[in-house]
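Across the two complexes that follow, chain A remains constant while its partner is chain B and subsequently chain C.
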Partner chain A sequence: MKIDRRCFLSLAGGLVVGHLLSPVPWKMTDDIAIWTQNWPWTPVPEDGPVSWKETVCTLCPGGCGVKVRTIKDRVVKIEGKEDHPVNRGSLCPLGYASIQYLYGPSRVKTPMKRTGERGDGEFEPIGWDEAITEVNRKLAALRENGKSHKAACIAGDDRGTVPYLFKRFLEAYGSPNFIRTPSGRDAHETAAYLAQGKTALNVGFDLENATYILSFGCGLLDGCGAPGYQFAAYSRFGEDHTLVQVESRLSNTAARAGKWLPAKPGTESALALGMASVIIDKGLYDRNFIDNHAFGFEDFTDDNGNMHMGFRSLAAEYRPDKVAEITGLDARQIESVAVEFARSDKPVALCGYYESRITADIDKTLAVHALNALVGNINQAGGMFVFPEPEYDLPAVSKDSIASDATGKPRADLAGSGQYPQSRYLLNLLPERILEAGNDDLPVEALLVLDANPVYTLEDSKKVQEAFEKIPFIVSFSSFMDETAKMADIILPDHHFLEGYRDVPAPDGVGMPVVSLSEPVVDPQYDTRNAGDTIIDIAQEMGGDIGKSFPWDDYGDFLEKALSDRYQDMSSNGYVVNRDRVADVADAFETDSGKYEFHPIRRHTPNNGDTEKLPGYREVGIPGGNLNNGVTLVAYKSPRIASGAVANPPFMTKTIDSKTLKEDKLFIQINPETAGNLNLKQGDKAVIETPAGTATVRIDLFEGIMPGLAAMPAGLGHTAYSRFIAGKGVNVNALLRAVPDPAYGMNTAWGIRAQLKKA
Partner chain B sequence: MSTQTDNTSNAPSDEPAPKKGATGWVILAFFVIGFGFSMLSGWVGFPNLLYKEVPHPIDFNHDLHMDFVHDGCNSCHYFREDGSFAGSPTLNECRDCHMFVQGDDPNEIKFVEEYVLEDKEVPWNIYAKQPDCVYFSHAPHVRGADMDCATCHGDIGESTSLRPYQENRLTGYSRDIWGWNMSRLGEPKYAPRMKMMDCVHCHVDETDSKGSCFQCHK
Partner chain C sequence: MQNVPSHTKARHFGMVIDVDKCTGCASCMVACYSENNVSFRDEESAKMLSLNWITVYKLTNGKPFPDTEVCYLPQPCMQCDGKEFGKPPCVSVCPAVATDFDWPTGIVSQIYTRCFGCRYCMAACPYHARQFNWWDPVWPADMEKYLSPNVSARTRGVVEKCTFCYHRFQLARQKAYHEGRSEDIKEEEYQTACTQACPSGAITFGDLDNPEHEVYKLKQDRYAFRLLERLNTNPSVYYISKRKWVHRMADNYLEGEVPRAFAEKEA
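On to the complex of A and B.
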């Protein structure tokens, strides 16, 4: 028998055929597929009992109710709470992704002390006792040197009990400098003060019941304001509902609106007055309201015998054809929208909170409020409401001589000063003030930062950064290593909202006086403490009258006492709506006339050439106005990008389309016509230069934006947090610069002139 | 155009052609050897290599317990209030009766001493454990379609001792999922199999549809 090559080939053939007829290849294919799913580095959530708990999201001022799915002790899913009056089951992408912040690497896990140069982000962990002692040592030294008024607190909000505790601390310590970060609320508050005589309020719009929403540039469906509230209201829109969007760019909101009026940016107040003139001309205004609840509609003579222009005469100056010229819209369209608005069942006009840019244009806000007054929807279902703040029945602050002396001291941000007597907070002016001052004459020498990230969110980031570098002592209460926390000397980390208690009053712009209670869903993951507890500890350790002003065991004890009878309802329902506090129209006004003042002559303090504060239109001189051949850079809000104090988590960044952010490259939108003039094509690399800064961007051609403008999304270009968040795109705030309102000091610049060149 | 080549091929040859290599029978024998080896190793050796027998932490007598409970399987393998299925019972369920050793069964003694008194959960072997990519809810099957537990889990409720548990060395899941018969032909040995096609067959029979991918692979 001869064995040759063919025998071995045959053997191999037999092996292969036998192998194929055995279970080995088929079973192995299946098992290997399953094996790859069980690699030890593949995260697999632990199994266990499932439960749903309810709380309130506090990552933006929206205050949406959420329900949280936990498996054993781990949060695995967040959804909108169906029966929460604010969002009714809706939730924005940041809310859905907020779980990533609970476990993500951006958390500050323990109190930290700076070891490197300021801003380097080098910290060492320290114990709570040591950290609080260190803060107290610095604050006590400042106070002993008679500089208590040079302490300040920057807070993201001034409502609710935690900011209240910080305000109370400064009052007892002896500083007038509690400063809220700028927002659309500034303008609404001022307008409500001027026209309705009310202070310290939330102005809300009842979008749930309104049938005709006339939005002056509000990103209602772009994630501005209280996104959950707006999404929920829009989702219930029927055929008898209309949304009209005034905006120079085809935003999400504009695309979904029944009508889109692409007015030139900054001309909205002229448009509002133009519509008012049509409504008055055609006699479509609410006569009952104007006759019984309005002052200054007709021309009038004051006590000194001086004649003043009434709203009718003012509006008459804004005929549709003139407004058409200012806004670039069609006069007939202005007229038809005005008529529809006035004739509809429940019309409401709004601006402010929901805008992509933090501007506080008092003129525009007054004009929009006046439109609401014209149709008589103040304190009416589907209209505009002014809500009183929740009151706390607490013992008065115990003040020693230093604290009493500080009451009259000027504020570091000039709010309430001779220059801006009627403004409450002017954080936008503070960086400049710090930079102008000498090192021994700084307006702020110790700064507490609560729920805010001014180093990122304020315009002209470079200047803000320089100003923060000059502040001798900064304490951050941030849960995350954000840009401001990175600049701090001490970080006293707060809980994530899923770990602690907090009351969440009246979300921005929401048309009902709701206060919700955020409750812990999981145990604190790290060595963090509620900011309320921390400030109580600091005060008690300081002792004296400051300690006496904080007679509570802890924040929980304080919260229960502060909310008193509301606490029970809040802790069982998760919220309380103070419907009985909504006054009817007669109670809406605390002006001298007891009426809506179209001409707020008695309230407005003539200031800086602004002798009569009337709703009006004036061109805002935006920065870099003398630049020729350039574009005007505007920021826009995307529902997929969180642009506030909290950066968008990686889950959200994943949802951004590749024409907005591709890898780390940011695109700016320009009209093809603008691109033609500048010799730019889709995807081109370009450099944009404004008076505030320079950035490299990519070009996205977009027919939906007005020629001459360049739109950049707000909320990208973070430099802190973690490597998964930082370095994505460009921070538009670094390219913008604020222009203060001459009488009120708030930022009115809606854009900035820029040079855009191919790189 | 080589004349030499033409000459060679046309040259007459007196010798018979030499025998070229092995005969067909030998070649076939080699094929059979190879085939037989693969078949034998694949059907006999491979399962022994792939699966390992894992001892149970303690033995359990389902039959005995069925006499003491009022609600059949549901007494210990119950639905939580939210409708989710609790799966294997934890000590919380056992503790009520097994706070102290009852009788002299070594498994009972081990259970109480090593687990109940130590407050340590029993690491039961789960025959029906599925990978994470498989979403399965008991509620629509047991409550909605009124199915018996035995339809999928076999008659384990009547067993007096836990049947052997074999673990797939590669995937870590029970041999019951694929079925004890490697060919997946014939009746399953212990309990119905639980691969995807097993779900599909039942769904086609009962609902005329195998359902959508997303129903189970969420």
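On to the complex of A and C.
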């Protein structure tokens, strides 16, 4: 039979129709549907008894209470704890995502010993005993060679019992080098030391009760400081609350503020003084406080007959029209905000904590503290609080001759030295000191790193990395394979906060003396140990007076003794609030005058040739100042990016929008006007070059940023952790450089000059 | 036509989001991932392939510095009622009855085992609320341990979307039955994960038809609006903003046309 066209078509048609009439295509579609879904590796989560347990998140200094949903022995969800005084149910995205750090590829699962070159990230697992013996061998050798003062510890915090144990260890071992990483506390501590005469303190702001919040660049809603605390306060704002944000970029905080004052960056102290001048001029200040508790408000003559300028005269030099010129704001607006601030029920002015880029501008901090003093809100509800650090009633450290000799030896970071006598910690100076020293004269020869990731978080990352390469022996106590752990010789992994005990003292900037207790909700998932236990073990194995200084069975035993009568309350409630630790305003000040010093006499101590005795406005220098035609690079904080010692977990990276990070390319924000001058368009590929480094970025045009600035989010561009975290964007710290304050040594640079060119 | 089943109490769950309050922190997004076993990949910044049940968008009024304003708009599935009640755009196109309108709650369901991935619903949804699993979800190392047994993990080849945490409704209903309250589920007993997570209190959730629920009052706010209202999809998610430019962005207005909330004022 000949198959012609007609026959072929009817045959084909018949086949199609026949098939459609038969169940075959339907059955096959059904089978395909089942087959596409029938993969044995699709997890079926195991069911089991549900329970809710409570603890405290320690991934950032915020210290939020959390409740944890567990199914059998698995943690499946974390939520904010409603009755915790810090966050009152609020929780930031990092808190919600913290389960991704309990499990997962970023954890250090056993003690590790470096096998490859430093920084290569090649390690082999070793046992705990072996690891501790190794650490002890190195530390004992250093001590025998008379170089105990060349041991150091870099810690994320200096409060709480775990950092306390490390401080105690160094004291018994014979080293003065306990170094806290730079934070918003540096400037507040110094300002409170100068104006209020206190050391070892916390400065906090009672956002819970304040009705008028005047924020000098604090990223209250950008995830800085104690995010849970700030969000909780914001969520309860009513019609009678006002938030004023001073910032050169329309941040999330500025976007939600009632008023946004886009002052030029670095001019905040002039603005604060300008507002003070309005308040004084109009007589809106708290006369009771000024008359009874303040010193140096009026001009005065000291015992030697020298005339000194008081705060009133100083402020008079900053009239609103002059300040308008400095800050680029409108003089009437400055005046109206100052008047509203002073007249409102519970005003509070804040700076420093919660800033996107932690800088320690002492002038600004003193000026902002002075605004609070002017309205008399110190240690008052809704105001600025100063309270002492928690103390522990423990036996004194037993010191042998080496340890005794070490007291008073100069610190590796120059804090407390003749150059910077009034500073406590200056980690920002350490990398340069190490790089300048010869290999046989290093200021640090053994380094312990606790709850910190300085290789990532310090400015000028390349230099920091080089400095760390020179340190002969590094021990990391990190739970995660972060950039600093990757540089270590030995890693002694700590628990995740859901696995261990730890006390969490008053978080940064929180206006109440609260101490919470973090308690395990699951068994340790891996072979990790509480850093407190590890340091006790190290000390006891060292023996001698060092061992004698650690007479506890383990960290749990120590914690109970250290917290003594507070332990019971903390254990049952999860926290204690020691309101009695807040001094009445009459006894609050420990200056020589016994008053709040608007003119801080302690600033007269010769300080590295710095002669400014009063808060004032000085232009803050930034690196690369002589670059022409460039932009000024500033870092910004996004609530969707964790920028501290702990990196962004994958869940948070998932929330970042495509105008910030897209296909691992980082976008920097510039004003369309700046873009016009530089001939750049939205999405363009560009190269940014600063004195510290170079990076390839994409351009995002954003009207809400001041022309001339380029803003880059902090917290991206990690090189360690896991493939879910590393290699995303650029680390802004690699492009920044610190400028030490001449008198206090802390970093004051809020940005850096940069060249931005189309690539 | 389908009828409302008579043996269960009809509710109409919905959400009211205060755009002027939202800070754009994305806690809602992360809480949702964690609650609903939303998977993640190592390349999450490739946004076309990223799965989200709720997305927080950044809106800008476009004015030059310093008159710029920014708002954030969290967008879950709108759980539309449809022009004809019970017929949202996605439900009417699904050939597999994998997505359906749940009469007792007003929630649009998504049944992964029925879905065969034709993605008609994605094309029909004017809100891009639905997403497709192009890959098998893989949880690295032992991250599978944090998966919740209340929500099934999806497979390659199916569409997924926000369900208003329907499993939480089921749990609340079970509890109520168990305690002999059968239909009496209290407002606070059933809240979605995002509502609970919002640290600024911008999201309110409840029964839109129940005068005792907060959302009932809020949806009647003078400044309440819905996205693409004039498509008649009848979303169950309302927004509130006093900013006219935000209202303008919520729908396709012609030049000179004034959003409803402001029409009266300007007339």
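Keep in mind that, in the parts below, the second predicted complex is superposed on the first by the 716 of 759 C-alpha atoms of A that agree within 3 Å, B and C clash if a C-alpha of one lies under 4 Å from a C-alpha of the other, contacts with A are read in each partner's own complex, and residues count from 1 in each chain.
The criterion applied here is as follows: a residue touches a chain if its C-beta (ideal position, glycine included) is under 8 Å from a C-beta of that chain, and two chains touch if they have at least 3 such contacts.
Keep in mind that this is a model prediction, so the values were computed, not measured.
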Next on the checklist: Touch test for A:Ala396: chain B only (first), chain C only (second), both, or neither?
Outcome noted: neither
Checklist entry - With the two structures laid over each other on chain A, which partner does A:Val44 touch: chain B (first), chain C (second), both, or neither? => result both
Next on the checklist: Looking at A:Met307, would you say it contacts chain B, chain C, both, or neither? Reply first, second, both or neither.
Outcome noted: neither
Next on the checklist: Just to be sure I read the superposition right, which of the two partners does A:Ile32 touch: chain B = first, chain C = second, or both, or neither?
Outcome noted: both
Next on the checklist: Looking at A:Arg723, would you say it contacts chain B, chain C, both, or neither? Reply first, second, both or neither.
Outcome noted: second
Checklist entry - Is A:Gly104 in contact with chain B, with chain C, with both, or with neither (first, second, both, neither)? => result second
Next on the checklist: Residues of chain A touched by chain B versus by chain C: which partner has the larger set?
Outcome noted: C
Item to check | Touching partner for A:Met706 - first (chain B), second (chain C), both, neither | outcome: second
Checklist outcome for this item: chain A residues contacting chain B in one complex and chain C in the other 32, 37-38, 44
Item to check | chain A residues within the chain C interface of the complex | outcome: 29, 32-33, 36-39, 41-48, 71, 74-80, 87, 89-93, 96-97, 99-100, 102-105, 221, 223, 227-228, 231-232, 234-236, 250, 252-253, 255-256, 260, 262, 525, 639-640, 650-659, 661-665, 671-673, 702-707, 722-724, 728
Next on the checklist: Quick check: in the complex, which residue numbers of chain B touch chain A?
Outcome noted: 19, 21-23, 26-28, 30-39, 41-43, 46-47, 50, 80, 82, 84, 86, 131-133, 168, 170-173, 178, 182-183
Item to check | Contact footprint of chain A on chain C as seen in their complex | outcome: 21, 23-27, 29-31, 33-35, 37, 40, 42-47, 50, 52, 56-58, 60, 62-66, 68-72, 96, 112-113, 116-117, 136-149, 152-158, 196-197, 199-201
Checklist entry - Of all residues in chain A, which touch chain B in the complex? => result 1-8, 10-19, 21-24, 27-28, 30-32, 34-35, 37-38, 44, 49-52
